[in-house]
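After the structure tokens below, expect a handful of questions from me.
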Amino acid sequence: MQKSLKTEFLGITITSPLVLPAGVMGMAFSGFNISIENGAGIVTSKSLTLKSRTGHKGPVVAEFEGGFLNCMGLCNPGIVDGLAEIDQFKERSDIPVIVSVFATNTKDFLELTKYVNKSQADFLELNLSCPNVFDEFGIPLAASQDEVHKIIKAVKQVSTLPVIAKLSPNVYDIVSIAKTAESAGADALCMINTVGPGMLIDTKMVNPVLFNKFGGLSGPCVKPIALKLIYQTYSAVNIPIIGMGGVTYGEDAIEMLMAGAIVIGVGTAVHYRGIEVFNKINNEILEFMDENGYKSLKDIPRLEKLEM
Amino acid sequence: MDKRITLKIAKIEDEAKDIKTFTFKHKLDAKPGQFIMLTDFEGGEKPFSISDCTKEEFSITVKRIGEFTSRLFQKCVGDYVSIRGAYGSSFFISKNKVLLVGGGYAVPTFYFFAKVLLEAGADITLINGARTKAEHIFADRFNELDIKAINATDDGSFGEKGTAVDVAERILANQLVSKLQPNKLVSKPQLGDTKHFQAGAWKRENKKKFDFVYASGPEMMMKTLQPLLKGVDYEFLFERYMKCAIGICGNCTMDPLGIRLCVEGPVLPKKLMEQLTEFGKYHRDAAGKRVKY
Amino acid sequence: MQKSLKTEFLGITITSPLVLPAGVMGMAFSGFNISIENGAGIVTSKSLTLKSRTGHKGPVVAEFEGGFLNCMGLCNPGIVDGLAEIDQFKERSDIPVIVSVFATNTKDFLELTKYVNKSQADFLELNLSCPNVFDEFGIPLAASQDEVHKIIKAVKQVSTLPVIAKLSPNVYDIVSIAKTAESAGADALCMINTVGPGMLIDTKMVNPVLFNKFGGLSGPCVKPIALKLIYQTYSAVNIPIIGMGGVTYGEDAIEMLMAGAIVIGVGTAVHYRGIEVFNKINNEILEFMDENGYKSLKDIPRLEKLEM
Amino acid sequence: MDKRITLKIAKIEDEAKDIKTFTFKHKLDAKPGQFIMLTDFEGGEKPFSISDCTKEEFSITVKRIGEFTSRLFQKCVGDYVSIRGAYGSSFFISKNKVLLVGGGYAVPTFYFFAKVLLEAGADITLINGARTKAEHIFADRFNELDIKAINATDDGSFGEKGTAVDVAERILANQLVSKLQPNKLVSKPQLGDTKHFQAGAWKRENKKKFDFVYASGPEMMMKTLQPLLKGVDYEFLFERYMKCAIGICGNCTMDPLGIRLCVEGPVLPKKLMEQLTEFGKYHRDAAGKRVKY
């Protein structure tokens, strides 16, 4: 029998469980094109803000053993131009699109939501957790249960699309925040955003490598942290989870599913394994299913939920 | 891991008023057409093509344009900068008769390339164009190589009169420039001064066609060149706003293919070029906003 | 001129700035022997508890790209036997010893302190931050400013030795906790303990790899997180910092110094580079000093402090 | 990276009442004397020596002792377990005349070792000791190898009477056991039954001394053996409580050297053995507490 990677996410059928996450290849409609041609099942826009942002000055990325730091600083063409790219993508594709938006207060989130309502997007993702704009905006919203509740509740009242809350791993108790998001009406969770943040130093020039000094960690080394937080959250909530953080091989994607994710983001691995990474991982998942006698993604078992 | 390395500037050469070559004593593993990302940790990390690369050192040739390059121009020999790379795709190494069409600060990458092509046994004609004599660079360096170097300036103040594309058009129409006399050295070379060369004279004797055309220069230059290249294979070296240079941020993707100029580029082959709808029409700025040419 | 790695830590002169951190090779006096023979300048005992503990069942370690998870579970022979090992070590060595102790309340910490007072130890380290005994003991003490203050204040009144507070990176605001520790009288800070914790899953057996499910991250990939937290803390406090987390090469140690650490722990790298890692790093630091014209560790510049 | 691998048990063989050999179809990169860490994720991960290792498969031979090994004994062919390794030091491969002294469940590692020694051209004498016939293992396997295998039991119920050390003492005193007749197969072998062998007979003809002695067995066995080994080089395979097996937790360090049995061991050379004060005196338990022998 033909194995299939078909699955459902919030009522929409997708052909691969792999998601292009926010901020990766999501600037131009053509970035979506190449991702889906290479096997992504859902694509996410760069987090869009009301006004365009050029982001932080470089260096904005720095490599270390096991991953990358980045501090892009939410560079994006602004919600209007950003949505134009999505509409252009949607002219020729049925692949679902998540529009990620970023703001620092409910009012701006609501304004963004109204723009997104009028676009061809399929889902609205609230980036509550960018770790790289601390200087500018202070503590991420995802660190405060009150803020998370207030924003999601307000956005849900206005949004015509399902709402996904993107959570930060850099909080003391992600489970409470996830529960808050759920109770405020979030339709799904996306986790994790980048970890830390961290810093690297150029020892010859005695300078932080990143101009922004600090940047969030992504890549293989954050996988254990992502798996743990996804598993804890999966044990505590009933809404679906987009799991991400360090997924590089099919095996990692399977771990995400077993930890409780329903679909899986693949970001930094686009660097490690090329844009073909989606097809590669799809094939590796199929091989794993073959070897272990699973016929569909639903057959892949999950860990027993944690007792809370 | 594309490890970052922090290096002292070993040599700084003035090429023209606003163009300098910076040389570093470091064995860079690079191919012609590739670029490095360079920073001084004072704000900004920018892509620069490699203009020379030997077993001991490599160079970049930089035009002063804005904040970053102005700061770079103030650095001295012995100052540190930090680089990563080399990144990106490189030129196809042809063994046959090739034409290199270059303009402005994008010409020097052909110096590194020409040396590699010569080793491969190629028969090289180079058009080295600039707006005016004061901005014309690398003529003396190219002159030391066993290639046919044609200098050109828009205003005719040095070498042929006309743009590099004008010259290319003429050459391609005739396809007979394989035995051009090299430029002649008429006085002692001085930095930034190219007066001491007399443009080489033509010898119309070889009718062999060009097998490959390479271009590196302003996008509109390449846009004008492209229609002249029917029936001949080519590669163009492009520039797009780059941030990560490792193929994840998506800032440098080109429509509608979604190829990333920092990974699949900066050198793009004919096959891809023909499909790019944004070529010569628009590019994206640091915010990802489209900017029309 | 002869370069030297000599430095001072809390008034004691040490011949190398490298510290064997708590939990690494610190079970037996012979573990200290081999570490100092290979170039460590200070050694730390495994965290000792009042009663002996066998720790968690295996697997207790799991490798991933960039580091390890561990959930030893504070296995140790108990304070009495543990201090006997230290006294045996001290019979033949002048190298300073940090005794790490772990407890869950002030009373036990005080009792442990009294034992340590009577030993040959040079410093007392309070492990406020083990991430691997959550099930048993709940939220680490280092997550609560009140607890940190109370315990350190009490211990300082009793301890005859300088007191070091070991901090957890897994808190939302480490700087406030560091400041609290300082104001309560801590003589130095040790940071960071393991990160996360994280989880890995065996996809064939559908099981967490660690029997304890979760384990703290250490190794190269935690370095950026450690550097950032050390740098922030260094910018905010005036007591010395033992910096650790992922230090594997001399270059990493230099980064720690530039971020504000005064001495540097080398733990997981003992696996990557053998027990000779201390000598190797010492030599790499000397080479770096040579290349950059520094004559002593004090010449190595630090980053400018962050503005707070 | 010592990647963990999860494998199906491919074969289970009963060796004696409480001893089984588990075989896995996996090409393990291991040397004789090394061990793996094995877990079933149900609590506990334990070290086991490799008793056989070919290009296609490897085996471990396990004695049921406590909770973990009891659970392992309930597993069936096809059940998964997860392993990592091989870890640790390995035996020196001598090309000369060697004596292997083994006792109990620690003997099988010599099966893997003997095969490697034979390939190197060594002349091997093995003493395979156990307390009693019912606990004696691997006699038939060793019999298939071109070595002199001397079986011994404390109570004389199978092979020579006496401990492995008793036999070693006799042999070493005479140093003449290089031409022992192999054991004779007198009936069809059956699992767990070694009756069908007749102990080989001695032939006192070769006086060449042993170049190397290897021992693997209970610590007190090796402690008794050590004084007999004056003037001859040797290596012992040790056991200590292991947790990480990657040389960081320090649970397996041996006093006063601080060598880690999981990295510098489990095979220790004479030079180190002579310096170990804890050898035969105490070891440390899971909490790191000293336990006297």
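So that you can tell them apart, the chains are marked A, B, C and D in the order they are listed, and the count of residues begins at 1 in each.
Just so we're on the same page, contacts are C-beta pairs under 8 Å (C-beta built on N, C-alpha and C of every residue); 3 or more make two chains touch, one makes a residue touch a chain.
These numbers come from a predicted model, not from an experiment.
Asker: Show me the overlap between the contact partners of chain B and those of chain D.
Answerer: The shared contacts of chain B and chain D amount to nothing, since no chain touches both.
Asker: Relative to chain B, which chain has the most distant C-alpha mean position?
Answerer: Farthest by centroid: D.
Asker: So what's the Cα centroid distance for chain A and chain B, whole Å?
Answerer: Distance between chain centres: 38 Å.
Asker: So, what's the distance in Å between the C-alpha centres of chain C and chain B?
Answerer: From the centre of chain B to the centre of chain C is 52 Å.
Asker: Determine the centre-to-centre distance between chain A and chain C, using the mean Cα coordinates as centres, and give it in whole Å.
Answerer: 34
Asker: Do you know which chain C residues sit against two or more other chains?
Answerer: 65, 204, 207-208
Asker: Looking at which chains touch which, would you call it a line, ring, star, complete or other?
Answerer: line
Asker: Judged by the touch rule stated earlier, which pairs of chains are there in contact?
Answerer: By the stated definition, chains touch in these pairs: A-B, A-C, C-D.
Asker: Quick check on the complex: what are the chain D residues that touch chain C?
Answerer: By the definition above, chain D touches chain C via 1-4, 6, 37, 39, 41, 43-46, 80, 82, 243-251, 253-260, 263, 284-290.
Asker: Hey, which residues of chain A end up touching chain B in the complex?
Answerer: 23-35, 37, 46, 52-55, 57-63, 65, 68, 70, 72, 75-78, 81-82, 202, 204-205, 207-209, 211, 267-268, 270-271, 274-275
Asker: Name, in rising order, each residue of chain A that touches chain C in their complex.
Answerer: Against chain C, the touching part of chain A is residues 64-67, 69, 143, 170-172, 195-201, 203-204, 206-208, 213-215, 217, 219-221, 223-228, 231, 248, 251, 254-255, 258-259, 288, 292, 301-303, 306.
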